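Look at the two complexes coming up: chain A is in both, with chain B in one and chain C in the other.
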Partner chain A sequence: MHRLFLVPTLAINAIIILIPAVLTIALAFFRWDGISAPVFIGLANFQSLASDHVFWGALINNIIWTALFLTIPIAIGLLAATLMLVARRGSAFFQVIYFLPMVIATAITARIWQGMIYSPLTGVAGLITRAGFPLPSPLTMTSTALYGIAAVDLWHWWGFLCVIFFAALRQVPQEQIEAARIEGATFWQTMRYVLLPGIRPTITLMMIMTIIWSFLVFDFVYILTQGGPAFSSEVLSTLAYRNAFYDLAVGKAAAVAVVISLFGLATTAVYIRLQAREYAQ
Partner chain B sequence: MRFVESRKTFIITYAVLGILLVITLLPIALLVINSVKPHAQIVQNPLAWPEVYRWDNFVRAWNDANFGRTMLNSALLAATTIVLVCTTGSLTAYVLARRKVKSWKVITFYLLGTTTAPIQLFLFPLYFGFAKLGLINNIFAVSLVYTAVYSPFAIMLLRTYFLAVPRELEEAALIDGATHWQVFSKVMLPIVSPGILTVALIIGLYSWNEFLIATTFLQRADNHTAVVSFFLLSGQYSSDWGEIMAAALIVVLPIVILFVLLQRRFIEGMAGGSVKG
Partner chain C sequence: MKRRTFLTASSGALIGAAFVRPGFAQQTKPVTWWYESAAPAQKEAISNVLVDGFDAANPEYKLVIDYRGSELDKQMRVAMLSGSGPDVVYTAGPSYVAPMARAGQLLSLDDYAKKYGWNDRILPVFLEMGRYDGQLFALPKTYETLGLFYNKAVLAKHGWSAPTTIPELEELADEALKANLVPFASGNSGWRGNNEHYVTIALNSIAGPENVYKALKGELPWTAEPFVTAISKLNDWWQKGYFGPNYFSLETEQFFAQLAAGNSPMLPSGTWHFQYISTYMKDNPEDLGFVGFPSAANIGAPVYALGVGSTLSIAASSQNPDGAAAAIDYVFSPKFYGEMNSVWQGEWNTPLVDLSTVKISDSVPALYAQTMKTLADAVAANSYGYTSWTFLPPATDTQLINGIEEVWLGRASVADYLAKLDATFKQDMSEGKVPAVPAR
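Let's look at the complex of A and B:
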């Protein structure tokens, strides 16, 4: 009887995710333009990726992205969450404002930054340039495009981490904190030896999710630069999308999707390992 | 928690929190003030307060982005997705929370696994399959895709609400002769309804804001969502940034109003769902 309860969820999941995912893995070994019959070509898609500098550039960009998001937003989020503990008053207000960018559609956030901040004509960067301090749009230069996009995503993202860390910090047992205070620990000592260890599971989980999400990043890159200029901000997900829908190289796109998934799988495996070790202790 | 700190610490604390507040609000403020300015004045200074109020920016944005139609599409898409996710998700969440089937562990891990899969892992065969079946430009088909993508998150969140219901309630109903279906629909569902409301809000938000799937599967102008029609307006059809910001405000405003009114639900749902998942 209860098995029937699962049928709708699992049926929808199988049709939309599981079967197409299996097909994608199979397609990675075929050449297919989406219309004619697929041709089996073995590992040729992966071999052509291995010799494609755009693919390696995209992979490196994903790794840079992961490094940026493992450090900057987690540091800002932790700092702000801690300060909200100190501030006592107004923390609910700060929390709502910091969270606000998360509910704005990525397409809109991207356009606000593009037009109102980065644009040399209508943006704040243009205003600064006209005031005598040349500030070209980071999105138009190969050396800075990726960082220009990352800044937009950081703005949209860090508040979410801050709210999560703040919620976790408030769950650290009161007695531990009081004990530390009675022992004469300063605030920063309390932070270092009581609060941070207390929320370590949350920080670990967020870091794991950050790595997984960093390999999925798509919207901001696709909207702000389409991976340009000259593929300098290309990431794996935009590369796969371009391969499939612009170059009609669906097999190659599938191969890229498989590579992205492998990174996610490896990260998840590490996480389960870590969890198991924690339980074993 | 109480920390007795020096005056200096307090000043630094509020200064840093204040700076972060300004950084967060600046782009949003630029969105709002420039939505009522003529393009020429934005070119002059995007930071300046409007000298004249061009309310017709909103009228032109509404017409050029065809929001009368596309907002309706977005609302329809969000509503269908909410109904599908809440009905199918609450059934699954109940079974998994109460471990009613032997395979509950495998299914839970599988569902968690799908949340970490890239959309590109299933997008291409799905697209060409939908194309073959004539399901491109079909809003109901897209809501099925959203349902599959958002369900795992919804199920993990709903599961925590079911776990909080005392077992005795269920057992009492069974002893009184209720069927399994009655226990679920008459006893459990009413108790977890606050959780279902939270899930509905968040799924509605995600569907309204979603970009990648909507832009891939809904290609005919009549079937665009509001976010996609905004994206196309700002990319191709208009270079008047006053109009573009007005269009952005039209799409964002319903969401921001809901968020401000129901902030606790949004924050707990979005943060809780991804932490306890």
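Let's look at the complex of A and C:
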């Protein structure tokens, strides 16, 4: 009888996730303009992607993005959270400050950076250039566009991780921290041997989610550069969007979506395995 | 108000509403129309001129405009697929009409064309562009062209004159660079589609409209020599710095302001820029000049590339197709043309055959009327060119827009760019996605 309680959740999941997912996978094997009847074409969409340099460029950009977000915001977040734990005074205030960018809509954050920071006319970059120190907008160069976007997302993102890590650190038994202090452990030793092991499950979860989210990144890229210039900041999700809504190639877009999902699935599998191992221990 | 009085009054109002409502609904049937984004002044113009004008002229209908923003075409496609779209279907151009017509999502307009006399009132070229399988499915909401805006004051200050040939244009641009000016006010931040304005200019003014026509009909590959020459020339202009260092940072209004402020002598783009005069050149509108973009020596006269930025159709699922047809007909009336173009230039230039009865406000720059007349004459004489957003299928157009950045930034050669353009076009053509191209 109690299994009936699962029915509403399963029904919602089937309607919202399972059916669209199955349809997307099926569409990857069709040619469809989103309007007329789909035509089955086998693996042609995947073959087309394999020979498209823009697809490979987008995939590499997603990998770079993942590497950036697995390191920089997690390192900054951990450091700031630990400092707040050590020096408790003002931690509530700093939590609010760090978390603030997270509550601003991404579209607004992106437009603020575009207009007030990067713009050569109305931004800080323009001000510095006019002062005699040429500083081009990173969004306008192929070598820096992706990093320019990542900088905006990092600014918006690391505070969230910091607050999550701080909440987890507060659950580490105070006795362990005190004991380490009495034993003469330095700040870094306390972090290395007491705090980080204490919040390892949280860090693992955040890293797994970072990988999944990194392959879904869309909003900042689309608003700031739309994948340009010259596809240099194209990621898989913007490529899928362009295929579906500009090229009217929904089947090809579905094929890109399948590739994105494969990365998400692989990451989820790793996470489940890690969790299972922890339970076993 | 006492409780009993309140209840009595409320009941009376409810009963009254119950009797009045059906009568009201019979008298005014809604006509729904989803519109893209519009600035406050433009919304006011739509409300005053279109909605109020139509409602007054058609008391049996009530026009309801719903602003859907810049993602209108995506929302429209999804809504049309589910049969829940508006009565008046506003598309981003003829290339979006064919797939909808093929899928049976649009109503044939042939009967309404007969009823309202559209075949006699609208320039034939545009009727031909709205046909699919011999039936009329769309009418252009506006038509436009590309050319060269210039700042007369800047030219006069430096002793320059408006260019009439490509060598003159290059000489002027080189002089502008020496004077620390950006030769072409231009940019694509916020709308990468701006790239295609420059590619369209190069294809028509250097390769020539005859060659573009042949390519659109599949009779000449996009890798042919005239197109290589055209794109190579465009690339030369980019490499020489004609488009300036901030191309990827400037939005449309910002680079128009650059022209207005005298930081650029020229602005190669479309006639829709006339709408910015009232904002950026309200004190000196006479400083703005416009000429056809100079053509290569073998082409001669400037080519006016014909563009249709948006079209109007009726949804097959419409609950009020007659009302939608009445609304479209109102847009094609001389009265509406005159009133709307008096307050908002460049976006409601409907292709009427006879403009003699149109009355436009004296406050509208004469340059706008002259330019539109020149374009209308070019269309009537069958000597127009082809804009990419009107005549290319969607995937080819995307490659044309995005691929040119790879050429400019050294990530692809001109040959590679055109080869990919040609391959994409052939694929689109094999799938029947190329929009109708009127015979020359």
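To be clear about the criterion, the second predicted complex is superposed on the first by the 264 of 281 C-alpha atoms of A that agree within 3 Å, B and C clash if a C-alpha of one lies under 4 Å from a C-alpha of the other, contacts with A are read in each partner's own complex, and residues count from 1 in each chain.
What we mean here is this: contacts are C-beta pairs under 8 Å (C-beta built on N, C-alpha and C of every residue); 3 or more make two chains touch, one makes a residue touch a chain.
Since we're looking at a predicted model, the values are computed, not measured.
Visitor: Putting chain B and chain C onto chain A via the overlay, clash or fit?
Guide: clash
Visitor: Who touches more of chain A, chain B or chain C?
Guide: Partner touching more chain A residues in the overlay: B.
Visitor: Touch check for A:Leu248: first (chain B), second (chain C), both, or neither?
Guide: Second partner only, chain C.
Visitor: Determine, under the contact definition given at the top, whether A:Tyr118 touches first (chain B), second (chain C), both, or neither.
Guide: second
Visitor: Looking at the overlay, what does A:Leu27 touch: chain B (first), chain C (second), both, or neither?
Guide: First partner only, chain B.
Visitor: Check the residue A:Ala276 against both partner chains and state whether it touches chain B (first), chain C (second), both, or neither.
Guide: Once the two structures are laid over each other on A, A:Ala276 reaches no partner at all.
Visitor: Classify the contacts of A:Ile182 with the two partner chains as first (chain B alone), second (chain C alone), both, or neither.
Guide: Neither partner.
Visitor: Which partner does A:Val258 contact after superposing on A: first (chain B), second (chain C), both, neither?
Guide: first
Visitor: Between chain B and chain C, whom does A:Ala230 touch in the aligned arrangement: first, second, both, or neither?
Guide: The answer is second: A:Ala230 touches chain C but not chain B.
Visitor: Counting only touches as set out at the top, which of chain B and chain C does A:Leu139 meet: first, second, both, neither?
Guide: Second partner only, chain C.
Visitor: Jot down the residues of chain A that show up as touching in both complexes, chain B in one and chain C in the other.
Guide: Comparing the two interfaces on chain A, one with chain B and one with chain C, the shared residues are 34, 119, 121, 245.
Visitor: Taking the touch rule as given, give the residues of chain A at its contact with chain C in the complex, in rising order.
Guide: Where chain A meets chain C, its residues are 31, 33-37, 114, 118-121, 136-137, 139-140, 142, 225-232, 242, 245-249.
Visitor: Give the list of chain C residues in touch with chain A in this complex.
Guide: 73-74, 77, 80-81, 99-100, 102-103, 105, 188-189, 192, 245-250, 254, 394-395, 398, 402, 405-406, 408-409, 411-412, 431, 433
Visitor: Hey, which residues of chain A end up touching chain B in the complex?
Guide: It is residues 1-3, 5-6, 8-10, 12-13, 15-17, 19-21, 23-24, 27, 34, 76, 79-80, 83-88, 90, 94-109, 111-113, 115-117, 119, 121-124, 126-127, 155, 159-160, 163-164, 167-168, 170, 174, 177, 181, 187, 190, 202, 205, 209, 212, 215-216, 218-219, 222-223, 237, 240-241, 244-245, 250, 253-254, 256-258, 260-261, 264, 267-268 of chain A that touch chain B.
Visitor: How about chain B: which of its residues touch chain A in the complex?
Guide: By the definition above, chain B touches chain A via 1-3, 5, 9-10, 13-14, 16-17, 20-21, 23-25, 27-28, 30-31, 34, 39, 42-43, 45-47, 84, 87-89, 91-92, 94-95, 100-101, 107, 111, 113-114, 116-129, 144-145, 147-149, 151, 155, 180-181, 184, 205, 208-209, 211-212, 216, 227-228, 230-231, 234, 241, 244-245, 248, 251-252, 255-256, 259-260, 263, 266-267, 270-271, 274-275.
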